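Naming follows writing order (A, B and C), and every chain is counted from residue 1.
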């Protein structure tokens, strides 16, 4: 019995170590592949120019249209989602604190929406566009992506706001604050780092998603110049360049992937750093 | 002298990083008696208890040195078989931690670790130990229910039965009644008084009155050091050290 | 200088909150309603069973059989889960029970980075590394000729994508188990693995299943990465080395043509509706599962 026992222990321990290092290895491989291929093909031209005629067949130009397009779209969507999402998160945590059933219901709905795949939002956005008679445009893209990242934004903010201790709100109320003042002035200050993280996290998701912009934002070789015209996005740019028969263009796709990945990694690093900077006014309980 | 002592601790030192938690502990714990380790919170008594069944291994930041002799074996020795050693002791914690299984399986788990596998034997022993902890009558019809449904007092008795099921020689108890109501507490204390005939009991507490009620042997600790140790009657009636006198007098607690 | 006084500001803030809240709370209903209305044309002319179980997909002839896509999605998702589940569970246990604390601190950024990599980039990596690996080494090893673009490639890429998602949840679950429970088991003389196997996993089981459930729902709706490596061939795959077609890929690949063929747009919206339904269903299921088991 004892011997079989020992074998079992060793077996699973080996399995566990393999599993863990497998994950680390995969990450290393992915990062390496992106960087290796991307760095080889990246150039100043790619970053600063828009695609010239025949770009997808090997002629000159760059992905500036996509870079700026993605940034604009993601920024717009994140802003809109923040405007809608922050009050909801605050409402749940400040106004609804006593009404447990209602809070649970809202959180439940949020959980449901959180898991919906981005392509569903894309398809829905498309239906709305037809209904309202809007063409594929920056605006349509922003609205769709906003809907997509809204659950993510609210949930992250909710997690942080939940940790604000009841004692703090009680202190505020006893000073005569009303509920919305407590919400907007106190809860937000206490949770600044968490809110920043939520915003940046949502930004990262917004900029990287392809399925939600596929039908709604369209594509163009031009820089974003109007809310009502189609806009290029990095994920789609990568996809289109990859589909080209010309090797040179495919290489540019790798470079574009590198750019996108770097943007997202930078945003994520930023969120950790910025968050820490605003810690000064936070009270540690 | 040696034969009367179940556990002999010599030069035990425990460091957590640079903090010296237990300082030069030298204790003898007599067999078949209730030894109470007494002292204010933070004096290291729980750490001392955890050294005895090497739960300290779980915390790599703890550095343990010295000798703890049980049955002529130094349990702190690296080559020692900790699984066997741990089965020499039963542990009762502050709050009961029933395993996430049925009442029956909580005890069966311990029995299987001991080597009992045959169904009939298992069944008999489970009932035996539940009876020993005086829990059987209350649960006889719900042995297959999850243990989490029991009341706290019942859970603690279940943990006692489970601890006894590995057939230990020593029972370690870390403030076993602190989470219980007075009646359940009294129950556990009475049980210990019965059990000492067959087991050596080491009980940690910071409640003076509990110690007065059940201790045979006292070890008084303060800030990681053993201040005084000896027969309970002796120490209570004639404390020799200044700190002990202050503690009993209720000056610092 | 405040334009509005305190009372007015409160009113403004409050209305802002209520409007936003209503928008969010009604979102799932709007999604469902919108897609349903759009697919109504299709549902009007074909029965639900016909649509789901027929195998022919030729929109220009009016044949809308979703079966190959549903099967493709199911294959890819299940295979991905088969791969991810043990890896995540083993890693979560290792990292929370067997290693020192600093290791977990290293794992967190690793998981975050994996979670942040966008779908297209995973797809790109799939094309770069996985597809050639399958066509050049893995396929021939089993004596099968394959282009590499296959159910297997999609499952593999997908499984990597959902690892950070499931792993995070599992780590949280295991960390939430009180150490004293572990100590109680070890004090009885159990080994670390026995404790994990009989005590910790049992305690964490409802959470583990829920984590897998959520991961499955997530995987089912994944679009871009799968689309890039699954082959996009409309037929029932005979084995995992065959190319396939998933529901999200169907929608993404054909949106350009949808307005040119009658009812094509309804069909694609219906596919989106299916995805919405599956995702909501799974989420609901896991929710009820968790609340039922929390009573333990």
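Everything below uses one rule, namely that a residue touches a chain if its C-beta (ideal position, glycine included) is under 8 Å from a C-beta of that chain, and two chains touch if they have at least 3 such contacts.
On a predicted model such as this, the values are computed, not experimentally measured, just so you know.
Hey, which chain is the most central one here, using CA centres?
C
Which chain maximises the distance between its CA centroid and that of chain C?
Looking at centroid distances, B is the chain farthest away.
Taking each chain's centre as the mean position of its Cα atoms, how many Å separate chain A from chain C?
Computed from C-alpha means, the inter-chain centre distance equals 17 Å.
Any idea how many Å lie between the Cα centroids of chain B and chain C?
The answer is 49 Å.
Determine the centre-to-centre distance between chain A and chain B, using the mean Cα coordinates as centres, and give it in whole Å.
Here the centre of chain B sits 52 Å away from the centre of chain A.
Residues touching two or more other chains, restricted to chain B: which are they?
Not one residue of chain B touches more than one other chain, so the list is empty.
For chain C, what residues touch not just one other chain but two or more?
191, 194
Which of the residues in chain A come into contact with chain C in the complex?
On the chain A side, the touching residues are 5, 8-9, 12-13, 15-20, 22-24, 26-27, 29-31, 33-34, 37, 83-85, 87-88, 90-91, 95, 106, 108-124, 126-128, 147, 150-151, 154, 178-181, 183-184, 204, 207-211, 214-215, 235, 238-239, 242, 253-254, 257, 260-261, 264-265, 268.
Under the touch definition given earlier, write down the residues of chain C that touch chain A in their complex.
6, 9-10, 13-14, 16-18, 20-21, 23-25, 27-28, 30-31, 34-35, 37-38, 86-88, 90-91, 93-95, 98, 107, 110, 112-114, 116-125, 127-129, 160, 163, 167, 191-194, 214, 217-218, 220-224, 228, 248, 251-252, 255, 268-269, 272, 275-276, 279-280, 282-284, 287
Help me check something: in the complex, which residues belonging to chain C touch chain B?
Contact set of chain C toward chain B: 100, 178-191, 194, 198-199, 202-203, 296.
Going by the contact rule at the top, pick out the chain B residues touching chain C in the complex.
53, 55, 58, 60, 83-87, 89-91, 93, 95, 97, 99-101, 109-110, 113-114, 146, 148, 159, 162-163, 165-166, 172
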